[in-house]
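One structure, as structure tokens, below. Some questions next.
The first chain written gets the first letter, and so on, giving A, B, C and D; residue counts start at 1 in each chain.
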Amino acid sequence: MHKSRLEAFSDGVLAIIITIMVLEIKVPHGDTVDTLRPLLPVLSSYVLSFIYVGIYWNNHHHLFQAARKVNGRVLWANLHLLFWLSLLPFASGWMGENHFAALPVALYGAILLMAGLAYWLLSRAIIQADGPDSLLAKAIGRDWKGNVSVALYLLAIPLTFLHEWIAEAIYVGVALLWLIPDRRIERALQETGSG
Amino acid sequence: MHKSRLEAFSDGVLAIIITIMVLEIKVPHGDTVDTLRPLLPVLSSYVLSFIYVGIYWNNHHHLFQAARKVNGRVLWANLHLLFWLSLLPFASGWMGENHFAALPVALYGAILLMAGLAYWLLSRAIIQADGPDSLLAKAIGRDWKGNVSVALYLLAIPLTFLHEWIAEAIYVGVALLWLIPDRRIERALQETGSG
Amino acid sequence: MHKSRLEAFSDGVLAIIITIMVLEIKVPHGDTVDTLRPLLPVLSSYVLSFIYVGIYWNNHHHLFQAARKVNGRVLWANLHLLFWLSLLPFASGWMGENHFAALPVALYGAILLMAGLAYWLLSRAIIQADGPDSLLAKAIGRDWKGNVSVALYLLAIPLTFLHEWIAEAIYVGVALLWLIPDRRIERALQETGSG
Amino acid sequence: MHKSRLEAFSDGVLAIIITIMVLEIKVPHGDTVDTLRPLLPVLSSYVLSFIYVGIYWNNHHHLFQAARKVNGRVLWANLHLLFWLSLLPFASGWMGENHFAALPVALYGAILLMAGLAYWLLSRAIIQADGPDSLLAKAIGRDWKGNVSVALYLLAIPLTFLHEWIAEAIYVGVALLWLIPDRRIERALQETGSG
């Protein structure tokens, strides 16, 4: 089984997910600033979700560049990841339409959590297919970001019901963790022993 | 004619089918658990259809890896398969919205049946193009899963009107048949002579 | 400029066009045969349009296989073709929803006509880029199907207002012209001098 | 990191953007010319946006053909460009539905402006990754079109509130600037010192 077609299919699904989310920003009736204002939460929800899908595409790209073999287990682990990401447009739209109310924000976090776990399962499946001395097995030792992200989502979901903005701040924080160039942070964290 | 562009086009269509199905899960008005509850049948219908499209993508991938030649007949047999799969979002949405009522469940089974037959026609068209001593002709001898699936769909459709859940259980069973790693089952069935 | 990226982009657009047309078949409220009946014209309109996009993808595939060079003019001629094909889901939906009334049927024919002309312009642009002794220039001498199709669309549009089914029959006829394996017809027509 | 997967993902997103815009042209109820008439502004808005996405795809194609290296910064600069372009279907639909009223036309210009700036940032990121003596660094010296476009968008946005058609004319003008074959214009501008 060749990894190129798996990559092409995943690219297709991720490209569609990132683009159909914009359909949640419904064209309003009327041409005044007031008609745009209710769209602001939907737009900010879209920006966050766009960044998350971008991060997943970026990580997916790196993961399969390191992968050598693709078997049935890898294929289904990949579809499992795409399944959770495919629910992001729904969760994102629900969160935006309800102005970041507690339950939608918690559901959004739950989808991020499941996608994070699915990504971890996918990386394990690739390592199993490639063998313990594979390139990926060595690289994954440094995957503190994945673990920290999952832990933060687990923290964010109950905190939603204390105040929605705590969870929102955590989601934004996790996104920034992946966005900012990581060499210096990684080095710093490795020195303190958490790398 | 090169098979790579046919694969790329099919990947595109399957990626879109698997993703637009999620648009049937409409973002509800309201932010309570009660607003989510009516979405549960639509969600479970989505999960089943997601798995089916995943299975077809997986099988399509294997089929064309074994294929050597692609001619006009193969191309149209492939489009015929994509046509029936393109109706899955509709059938899935109708089944979910009507809480798995008899007629939508039967229609869903009919679409699965037609897709199964279209897949069989596609594999025959590839064997005809490749010649009787082709790699695929040998591999297809073991395609007991395809035949069993079609037989089960044929059984499920009338049973829908006895009770919907019988048909549902058959659809889930066929999906599991394809999902679980098949080496041991295949061996067992070959020993009993059905392989 | 490489033709592979142009092919990939066109495949993406055609895959989306062929798939979003199915969104016009709206999931009905209710689970009886009566709720499905009004969808029949939309479904038959979808089948016809699916076949047409399939034919265009097939021809596009052959056209670029014969092409050697891709320049700016070819690129824009290709986008021009994709533009008209992108209007097919609209025309198809309008024709289906209005049960093949005269004006929608005429508009559908006009879109097919424009796509046919755009395809002809695209083939000319590729020949110009490749030079008069190119593979495509020789092959295009036999493009009687393209010319006949355009002539038939031109005939169908006014005939719509006599009776819609005349135009419909012509659209189906043109589609069959492209679908049936053409070696014998081509030979026959070449013998009568029209090849 | 290989640029081919970045190109494939961008092709996917651009193909979806260019195609889902057509969904803003809603199928009308009724089969008369009168039911089509209100769709004309939506259609002309679609044509303009289709051409703009086509121009961006064309330029993106050229940009990455000249690129040698792709790093994390290039990847995020690319996603940033795709983000602004993904808002074009919304801006296009809003502009069309409101018959080119001032505010929607200004917003459309603002999206074009942000996409223009994002494209400029992307080209800088590629040059930084490739080094100052790269092929792209030399080619970009002649990118007067990009600069002129951004300047014209900046001019068009306030002029919208004087009269919408001034801004519209500027958008069409910028599109024509990219559409017409540019060798002669480029040469003329280089002679007058603006190249």
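One rule holds in what follows: a contact is a pair of C-beta atoms (placed from the backbone, for glycine too) under 8 Å apart; a residue touches a chain by one contact, two chains touch by 3 or more.
Just so it is clear, the model here is predicted, and its values are computed rather than measured.
Participant: Note the rotational component of the Cα superposition from chain A to chain D, reported as an angle of 0 to 180 degrees in steps of 5.
Facilitator: 90
Participant: Are the interface residues of chain A and chain B largely the same numbers on each copy, more than half shared, or largely different?
Facilitator: Different: fewer than half of the residue numbers at the chain A-chain B interface appear in both copies.
Participant: Distance-wise, how many Å sit between the C-alpha centres of chain C and chain D, to the nearest whole number?
Facilitator: 28
Participant: How many angstrom lie between the centres of chain A and chain C, each centre taken as the mean Cα position?
Facilitator: The mean C-alpha positions of chain A and chain C differ by 39 Å.
Participant: At least two partner chains per residue is the criterion; list those residues in chain A.
Facilitator: 8, 12, 15-16, 20, 23
Participant: In the complex formed with chain C, which residues of chain D make contact?
Facilitator: 7-8, 11-12, 14-16, 18-20, 22-23, 25, 27-33, 36, 47, 50, 54, 57-58, 61-62, 65, 179, 181
Participant: Note which residues of chain A are touching chain B in the complex, please.
Facilitator: Chain A residues touching chain B: 1-2, 5-6, 8-9, 12-13, 15-17, 20, 23-24, 72-73, 75-76, 79, 82-83, 86-87, 89-90, 93-94, 97-98, 101-104, 107.
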